[in-house]
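After this come two complexes, each holding chain A, first together with chain B and then together with chain C.
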Partner chain A sequence: MSALRIAVCVKRVPAPGSRINVTPDGQSVDATNLGFTTSPHEECAVEAAVQLVELHGGSATVVTLGPVEAEEQLRYAASVGVERALLVSAGDGLNWDPQRTATALASAIASVEARDGVFDVILFGNESADSGGFQVGIRVARALGRPVVNGAKGIEVGDDVITMRRPIDAGFEVYELPRPCVIGVKEGINLPRYPTMKGRLASKKVAVEVIEGLDQPGGQARVRLHRPEEKASSTIILGNGPEAASAVVDLFAELGVLT
Partner chain B sequence: MSEFPTKAKCVVIGAGIVGNCLVGHLARLGWTDIVQIDKGPLPNPGGSTGHASNFIFPTDHNKEMAFLTLDSQQQYIDMGVNNTCGGIEVAREPQRLEEFNRRMTSAKAWGIDAKLITTAEVKELVPFINEDIILGGFYTPSVSAVDSLRAGTLMREEAIAKGALQVFANTEVLDVETDGVYVTAVVTTKGRIECEYVAIACGVWSPRIAAMAGANIPLIPAVHQMADVGPIQVLVESNKELAYPIVRDMDTFCYERQSAGSMEVGSYAHRPIFHHPNDIPSNEESALSPTELPLTMDDFDPQMEQAIELMDMLGDAEIKYAINGLLSLTPDAMPVLGECVEVRNLWSAAAVWIKEGPGIAQLVAEWMTFGYPKLCDPHSSDISRFYPHEKTEMHVEARCAEHFQKTYGIVHPREQWASQRDMRRSPFYGREEALGAVFFDARGWERPQWYESNAPLMAKFPDVCEPREHEWDGRWWSPIINAEHMQMRETVGMVDLTAFNQLDITGPGALDLMQKLSVNQVDVAVGRGVYTPWLTPHGGFRGDLTIQRLGEQHFRVVTGAFDGGRDEHWIKRHMPLDGSVTFENKSTSLCTIGVWGPNAKALVEKIHTPQRGEAGLDNESFPYGSVLDRLLAGIPCTMFRISYVGEFGWEITTKMEHGLKLWDALSAAGQDLGVVPVGIGVYAVTGRIEKGYRLMGAELESEYMPHEAGLDRPKVKAVDFIGKEAYVAARAAGASTVMCTLTIDDHTSASGIERYPVGGNEPIVTADGSRILDAHGRVSRVTTAGMGPSVGKFVLLAYLPPEHAVEGNQNLRVMYMNELYPVTVARVGSTPLFDPTDARMKG
Partner chain C sequence: MSVLVIIEHDRGAIASGSLEALTAARTLSSDVIAAVCGGNDAVATACAGYGATEVVDLVHPFLHDYAPQAWGEAVAQLVTARQPDAVIACGTDRGNEVLAHVSVSLDVATVANVLRIDASSAGVWALTRVQWGGSLLEDVTLDAPTKLLTVAHHAYDMVPSEVAEYRTTFTPSLEGSLGSTMVRDRVVREAGVTLTTARVVVGGGRGVGSPEGFAPLEELASLLGGVVGCSRAVTNNGWRNHTDQVGQTGTRIAPDIYLACGISGAIQHWVGAMASKNILAINTDRDANMVTRADYAVIGDLHKVIPAISEEIRRRRG
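Here is the complex of A and B:
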């Protein structure tokens, strides 16, 4: 088996946990107070790529389509062990629907593969944390003519095949895919590591290759974003200290967690 | 939850360490009907307290800050939330070892157990440190980390238990209302509360809340980067929150603090990153909290490299949590405390760190209760210290940017600001510049400290013009100062005093107001000026100034640039609101030249044109202490026969537009009388110290009273004044400390270099190196240090308890840079070293 070559595709998305405001024109997210991160499924995909390389050798390349700021997400992947980084330029990142994104990514990956060799497996997150289209990985696979399975909770690399499994109600489905292939990874496949300080410093030395992908209009256009009404939440204080105990027990009984 | 009230005595805004401790201390002082609100949830509403590293290194060169920190640490101990782990400041650069000697000296002054330790000893305490890159350490066993959120909860609960407090979380302030003079109400998302007092204790948001009432709290939220990295095996195995001392890597401006199994790495080395209070996200918009912003990694990378260099194990630890944490910075790096100058009963308790939080809360509570704190003098934290130009966003940002990276820096007591200079210039500035003036900043005023044009005089006075051997002692100083001094005492000097604050008080109520504020009798004849202290309600010094009676209903208060703002606020705060007193700040329309020396009279006479009926300038017609209008070079001037340097002469004041002509006339007329321009180095240090004159903020602080400073008169005036009762009682009980003048007998250090203290709270100790405390626990320390060129000695001012305050006492030492130097008590009380009978000055 030649050295394993993995690509892992990630997307720069607003960090979760806070209210996401929309710009007045409704066309984008107001980034004033936002941090950015990688979608959780993709963080797991990065971790899976790193673990596979640790196990089998070879190399992993992180790929993103996005604005120049998305270099932050590439370096984050580099800081946890990915050796190579590819930024597919997307200008200001506006109106990149799944079709247009997949076209650009597939063309960029194809051009890199023509130069450096085919990726044995291209990992995606199952879906992105912001738009959640569930499409890009499948579209890239189709464009490249490769098999694809989503929802991976386990990946094993063999000499000829890549075995992937995903949970169903009754157990697991197991797939064997030929190399090269595309796999959509689901959160829970692993526990992504945090970068170490040395990893962060090393990531600064990783060269980010910027490449123009094929830019063809997609089939969707954004009308406008809107922020849904927040659900009001309230807190009931059951009491302070030991005197709260009986109220807590009552609540547990009501919730049915006491047996 | 109780209903939201519509009325309260006091609303405290903020439930961080300061707000929580403030409600606790107010309740202890008997306040009731307090309402505390915070826009965030409890117990962590999302301000700076919530992400603080919570550690306390008690040693500080600044007395006020050291005192408040020690007091706070004791409060944390009393609350059971203080975890003592020890702390080591490590040096990478040789000059840092020198600084450690200075820190040892300050530790001695404040009674903090500390020692210098070798690299090997550092390694013993912190086995995972890279000893190859450090030169030694400054170890303080009492360094601790505290649980500031728990402390806040305890203080709130105490006030609630007393029935004094209602607390409302998730309640945002929408407006703060005033009636134009007093604060009247706070409007919140839960309703409007009418109240008599409002205390703003909401950290980085304080400027925004103050602005709602038309007030200005000058601070800027700034980023302090911090990362929590772990797990680290050696820390996990310790099975403790803090098994190892906290390390401050002083020369890289970083710290490493264990937090159970991981290490917090914090930095003050990155570029200054500011956020306007209005740009801080809301709790809902924040992933973590409003003051825990996403770390900007690029800024932190260099610090990570340095941290790994110091502790290699950090490199392999995972970055689990990393923030751009917001904290409050002010233009001079001190807190902003006290009543806002714009609105009565609107209080600021802002720009406070965990280490000094409880102490400052107590101080502000006392201030609100008694009119001035008892705990210690808030002189350098007082919000009224700022002048208008110092409260602009531009100034705040410029100065904060300048001092942010000095957080762990080695800052000389005389160090000058580089930014925001040339803000205020006297009319003489151009002449002074041409004379090679070296300008020091005095709250915006550019004041000549000395004149390079006087350099040739050093050859005339070689005995007192030796350069200082040690660079630190001679930094921001020149022997030219001593030459100027000698020449002034021989002929005559001109001193630019335009930085004076000149405050005119007029109207039928003016006399009563001045009497109420002043210890000394100010009901004097028109044309007389008096020196007087102003006291706090507890009898301590609140002001130190002169008052000229320019008319039956017209008084002019003249005070220094460093106290002008505070004195103005004190006057306004005590002014009746019935219109019987009018206040006018004349400072920027007047300029003043001090003309002093044996030839002063001859010089002024040369340009004096006596008007009809006027007498001359001799002692009889213009006696000491009188204030008279005179025409000099055709310019109407007000001349005050007084001196801060102990020579015959006047403070000559005229309108700003006449200033340049007056300067030129004096300068020209003085050529054959040996006139020299004289800088503030003489006025504020050498000339003053030889005469034993006290300075507000140095010798004179609210912890001391006039009879202790040697500024008491034989009788206390009959008319009532602020602080009289306490002062009279203390006076009757006798002084437990006395201001003394000391001289250094031998300057030679262990290394053979002659050292000259710079006057930064160096302790006066017994021969065996023990601290000296008076009956009230006040430590003896140097309040001013400087050369006395005319007495040929290096002079120190310090308070000493009576048993040590004995003239000729040679059993004491001054500690400077961790070495002891022998001193002699040369004077006890106010009698000066130079010209003890004041014959030269009074003529």
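Here is the complex of A and C:
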């Protein structure tokens, strides 16, 4: 089997703690004092890309559409073993609608493929952590004319077909996709490695290619973000330490779960 | 106005989400078309039972089993033929996936996981949708000749509304390549009590400290006929399998009681647990988010509290 060419798309998102605050204009998450990350699904997609290259040879490219700061997420992927990085630059790219995002990603990927060759597999997260539109990967796949299935919790690359597993209520489904194809990955497919010191140093040297994002807004437009209503909670403290056990079991009895 | 609803079923077993989608469609129009790929009599009857004035069976060899791309293209062709004002599915993995394909085939937008629909202005609809798995909401406008959206699972109660069954068929024309995304095989495992069905979930977080630390949680769960869940800190450390993870990128649970032990209550964990009828937090930190948002709490070391609870249950049972 020839060496694999894999691309993996990740989105820079803020990493909120116990609550998500919104900026006064309602247009974005207030990221003051917050770090940034990607969706766990995408972390697993990056790990899957690195593992496939370790197994079959070839190379992996991480792609993001976003502001220049999204280089941080590209370098993180590089620190765990991805060799190439592509930033599709978009001024306020974190808030682009799904069609706009997918059009720009597909056109940037197509231009890289025209120069370097087709990606055998392009990996996406099942859904982005913040906007969760469940569609950017599908849109990019269709723009590139490739088959796509979401929800992967297992990927095996063969000479002609790529076998993929997707969990259902009791067990899993198996799909067989031709190469090249696009797959949406779910957390749990693997356990992402942490960057090593060596990996972190190497990631600083990875060249980040920048392509200006094609800007074509779609039909979904943000009006405002807001927090859902919270039910006012007053916690009943049943006690401190092991002495609380009796009160806890009384509660179980009251709720009828002590059968 | 007419609304087309994409019916989700697995080889003839209709998904409850589709009944929610039919209910949502009825709030917009009394003219509701149910589009069924590879269905059967039982699916058609269920659709009529939830107000579908017409059930269209889409018939093609690629639609005999689930095949996201073929389902999407087939529904898109039906939409082109029938010109409904809107297309709705339930926001499940399959519903979101198929509707995304429909939207690409029709070259329009699609909005995922909607909670509220304002269709008072025909040209541009105003929607409220889920972000961050439900921790945040987004008001959006949807500007498209045909409005495509999924309703978030459980956002609409399923309400029956019997109408006379009227069934038609539609035969799409599907290119050979569209068969490639069809399910090839299924591996079925013994189901038993799972995180989604359990009445009691005993969840452990970083505070449990190690894989072995879960033994007392397992014991308590089995005394209560429940199952063990965990936080992402736990799966990330490799202490437990991701199938046990509760939260935005794990499983959403709704037990009678959730015991959250050594879990701080980050928003992404909370959204997976908040549908629990009762939450009991066990934590050393009185100010942890899990404690302040829970219904009940025990302040203390879980390694001492949990065995004491199991002991008390055994004592009472004699």
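Before moving on, here are some points about what is shown:
The rule is simple: the second predicted complex is superposed on the first by the 224 of 259 C-alpha atoms of A that agree within 3 Å, B and C clash if a C-alpha of one lies under 4 Å from a C-alpha of the other, contacts with A are read in each partner's own complex, and residues count from 1 in each chain.
The rule is short, and it goes like this: a residue touches a chain if its C-beta (ideal position, glycine included) is under 8 Å from a C-beta of that chain, and two chains touch if they have at least 3 such contacts.
Given the structure is predicted, the values throughout are model-derived calculations rather than measurements.
In the overlay built on the shared chain, the residue A:28 is in contact with neither chain B nor chain C. Judged by the touch definition given at the top, the superposed model places A:236 against chain C, while chain B stays out of reach. Contact with neither chain B nor chain C is seen for A:95 once the two complexes are overlaid on the shared chain. In the superposition on chain A, A:196 makes contact with chain B only, not with chain C.
Contact comparison for chain A: of chain B and chain C, C touches the greater number of residues.
In the superposed model, A:204 makes contact with chain B only, not with chain C.
By the touch criterion defined above, A:18 lies against chain B and chain C together after alignment on the C-alpha atoms of chain A.
Note: residues 16-19, 235 of chain A belong to the chain B contact set and to the chain C contact set alike, using the contact criterion stated above.
Listed in rising order, the residues of chain C touching chain A in the complex are 10, 66, 68-69, 91, 93, 96-97, 100-101, 103-104, 108-113, 126, 130-144, 150, 177, 180-191, 196, 199-200, 224-226, 232, 235-236, 238, 241-243, 245, 248-250, 256-257, 264-267, 270, 277-278, 280-281, 289, 291-301, 304-305, 307-309, 311-313, 316. Interface residues of chain A facing chain B in the complex, by the touch rule stated above, are 15-19, 21, 32-36, 72, 75, 193-198, 200-201, 204, 230, 235. Of all the residues in chain A, the ones that touch chain C in their complex are 16-20, 22, 29, 39-41, 97-99, 126-127, 129-135, 138-139, 142, 147-151, 168-178, 186-188, 191-192, 218-228, 233, 235-246, 248-249, 251-252, 255-259.
Chain contact summary for the complex, chain B toward chain A: residues 41, 227, 229, 279, 281-282, 284-288, 293-294, 297, 301, 304-305, 307-308, 314-320.
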